[in-house]
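Same chain, two partners: chain A is paired with chain B first, then with chain C.
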Partner chain A sequence: MALLNVPHLWHSLPLAELEVGKQFYWHLGNFNLHGQVFLVSWFVIGLLLIAAVLGGRSAQMVPAGFQNFMEYALEFIRDLAKNQIGEKDYRPWVPFVGTLFLFIFVSNWLGALVPWKLVRLPAGELAAPTSDINTTIALALLTSLAYFYAGFSKKGLGYFGNYVQPVAFMLPFKIIEDFTKPLSLSFRLFGNILADELVVGVLVLLVPLFIPLPVMALGLFTSAIQALIFATLAAAYIGEAMEDHGEGHEEH
Partner chain B sequence: MNPTVAAASVLAAALAVGLGAIGPGIGQGNAAGSAVEGIARQPEAEGKIRGTLLLSLAFMEALTIYGLVVSLVLLFANPFA
Partner chain C sequence: MMHWTILLAVEEAGEKGGLFDIDATMPLMAIQFLILVVLLNVLFYKPLGKVLDDRSAYIRNNQADAQERLSKAENLAKQYEQDLNNTRRQAQAVIAEAEAEAQKIAAAKLAEAQQEAQLQREQTQQELDRQKQEAMQSLEQQVDSLSRQILDKLLGVAS
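Showing the complex of A and B:
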C-alpha cells in the first residue's frame, strides 16, 4: 500500500481511504478467512431471503405490489436461461442461473450503494463481496462444475464427444477452454468491481464532493451489466455442454 | 522492496493497462460504429441492437480489465517484493 500513500491531510477524512489487500482475518483451524467478505455476503443473502419470503408469502393469482416485482425478476431470469440453454432443457437450470445473477447483482449494488465505510473494522473494510477474488473464483468454479454436471447428466460419457466435435484437432483447444472459462469469468467480474471501487476511491481522494457522482452512476451501470454477463455466460456454457451434435438438428 | 523491482513493477503496471487499452478501444469503436450504422439503416431494431452492443462492449472491456488485474497484482500483491 505504500504506493498509494496520499498527503497526510487526507488521512483525517474517514471517507477518503484506499485499502487494497488488507483483510479482516478470521482464524478457523488452519484457514485464514476474509471476515469482511463473509459479513457482507451474509447481509446480501439475508436481504435476498427476506425479499423472496416477502414476495412469495401470500402469492395470489393476480399479483400486487412486491409480488409483481419478484415475478418480473423471475421472468427476466427465466428468459435469460431460455435464450441461452434452449426451450427443451432450460427449466432445471433457472434456479442456478438465477442465484448467480441475483447474488452478484445485489452484492455489486450493495457494495456501491451502502456506505460501508461508516462501519469500522479492526483491519480491512467492508465492500462488495465480488471485489474479493476468492468469491468470484468460487462462483466461476461452481459454474464449471455445473456445466460438467449438465453435460454428463445429459449425455453420459458421450459428453467427451463434444471435445472433438467440429474436427478432431480442436481437442487441445477445447481442453484449454475448460481452464480459461473459469479464469476469465472470475477475473472479469473481480476486475470490473474492484476497478469501479478504486476509481471512485481515487476520485473521492481528489475531490470528496459531487465530482465522483457520475462515476458512481457509471459504476452502478457496469456492475449491473457484469452480473448479467456472468449469468448469461454461465447459462451459455451450460447450454453448450448439453447441445446435441448427433443425428440431425431439429428446427427451432 | 528492492527499488529496481519497485520501479519495474510500476512501469509494468502502467504498460499493462495502457497497452491493454489499445485493442479493446479499437474494437469498441468498430462495434459502436457498426451499431450506429445498423440503427440508421433499421431504426426499428434499435432496442435489440443496443442490448447486443452493450453485452459485446462489456466483453471487450474485459480484456482491458485483465490487464488491470495484472497491474493491481503488481502494485498491491507483488510476488517479487
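Showing the complex of A and C:
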C-alpha cells in the first residue's frame, strides 16, 4: 500500500517531478518545433546580446565597469582559439568559437541556476537548450561545416591531402572521423547536461533539501567544463583542418 | 506499480517526442546560432577586439618610446658627467696655470725690486763716495789755506 501512495506524493510536490522526453510542440507549417528549447535559447541570446551591448557600447581605451568583464571574456576566448588554431589563422575564427563557448556556457548555467520550474508550460518544461539533442546536433554540424570550410578555404582541394596524412592507410579512419566528430560532440554535450539535470532532479525527488546541493555545484562545474570542451574541440578541429602537412596530428 | 508508471511514461514518449526527437528545431537552431554569431561579431568581438588591439599597440608604442627616451636620458647623463669631469680638469689646469704665473710674476717682481734696491744702494754708495771725495778735496783745499793762516799767524806773532 505504501508503494501505491508514492505517485500521489510525487504529484503533490510540483518541484519534485521528473519529465523526460516531453516536448512543448510548436507547429510551423508541417514542421514541429520544440518550443521550450526556443524560449530558453531566446532568453540566452537576449542575455548575451545585452551583455555584448553593455560591454562594447562605449568601449574605451581605459576600460571601466562592465567593459572589464567583457574584455576578460574576450581575452579568454581569444586565448582558447589561439592555442588551438595557432597565432596565424585564429582571428577569423574567434567569433565562431567564442560564440560556441558563450552560448553553451550561458545555456548550461542558466539551465542550472534559473528556477525554470516556476514557469508552467502546457507540456514539457523549460531547461537548458543544450539538454535538447537538436541544439547540440545543430552546433556540432555547424562545427563540422566550419572545419570543412576552414580546410577548403585554406588549402583548396589540397584539403583532401589531410585524409592520407601521415600514411594513406589512415584514409578510412579519417573518413569515419568526419562522422564521429559531430556525433561525439553533440552527444557528449547533450548527455552531460541532460544527465546533470536528471541527477539533480532525481536527488531533489528523493531528498528535497540540502543533499542535492553538492551535486548542483558539481553540475555547475561540469556545465562550464562542457562548454570549454565543446569550444576547444571545435577550435582544435578547425586548427587541424588548416594545419600544414608534415606536422604532427593530434589524436582525439 | 512503479514499473507500470514508468512503462506508461515511455509509451507516452514513444507516441510523440522523446529524448531523441529530432525535428525542425535543429536547422532553425543552427540558423539562430549563426545569426547570434554575426550579431555578436558586430556588437562584441569587433569593437572590443579593436579596443584590445589598439591598447596593446598603444602600450607597445609607449613602451618603445619610453625605452628610447630612457636610453637618451642615460646618454645625456653620461655626457653631462663627462663634460663635468672635463670642466673640472680644465678648471684645475687653469688654477694651476694661474698659480704658476702668479709665482713667476712674484718672483720677477722680487728680483726687480732686489735689483732696484741694489741699484739704489750702489748709487747711494757712489754718491757717498763722491761726496766724501768732494769733502776730502774741499778739506784738502782748506788744509792749504788753514795751514797758510796758521803759518801767517805764527809768523806774524813771531815778527
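The criterion applied here is as follows: the second predicted complex is superposed on the first by the 239 of 252 C-alpha atoms of A that agree within 3 Å, B and C clash if a C-alpha of one lies under 4 Å from a C-alpha of the other, contacts with A are read in each partner's own complex, and residues count from 1 in each chain.
As a convention for this text, contacts are C-beta pairs under 8 Å (C-beta built on N, C-alpha and C of every residue); 3 or more make two chains touch, one makes a residue touch a chain.
Predicted model only: the values in this text are computed from it and were never measured.
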**Request:** Name the contact category of A:130: first (chain B only), second (chain C only), both, or neither.
**Result:** neither
**Touching partner for A:188 - first (chain B), second (chain C), both, neither** = first
**Item:** chain B versus chain C as contact partner of A:99, first or second or both or neither
**Value:** second
**Item:** Which superposed partner A:232 touches (first chain B, second chain C, both, neither)
**Value:** first
**Message:** On the A-aligned overlay, A:36 touches which partner chain: chain B = first, chain C = second, or both, or neither?
**Reply:** neither
**Item:** Partner chain(s) touched by A:84 [first = chain B, second = chain C, both, neither]
**Value:** neither
**Item:** Which of chain B and chain C A:108 touches, first, second, both or neither
**Value:** neither
**Item:** More chain A residues in contact - chain B or chain C
**Value:** C
**Message:** Touch test for A:23: chain B only (first), chain C only (second), both, or neither?
**Reply:** second
**Request:** Please work out whether A:222 is in contact with chain B alone, chain C alone, both, or neither, and reply first, second, both or neither.
**Result:** first
**Message:** Let me check the overlay on chain A: which residues of chain A are in contact with chain B and also with chain C?
**Reply:** 3-4, 20-21, 194
**Request:** Using the touch rule from the top, collect the residues of chain A that touch chain B in their complex.
**Result:** 1-4, 20-21, 184, 187-188, 190-192, 194-195, 198, 222, 225-226, 228-229, 232
**Asked** What does chain B use to touch chain A in their complex?
**Response** 1, 10, 54-55, 58-59, 61-62, 65-66, 68-69, 72, 75-77
**Message:** Which stretch or stretches of chain C touch chain A in the complex?
**Reply:** 1-2, 5, 9, 12-13, 16-30, 32-34, 36-37, 39-41, 43-45, 47-52, 54-55, 58
**Message:** Looking at the complex, which residues from chain A come into contact with chain C?
**Reply:** 3-4, 6-7, 20-23, 25, 28, 31-34, 37-38, 41, 45, 48-49, 51-53, 55-56, 59-61, 63, 67, 70-71, 74-75, 78, 94-96, 98-99, 102-103, 124, 129, 132-135, 137-139, 141-142, 194
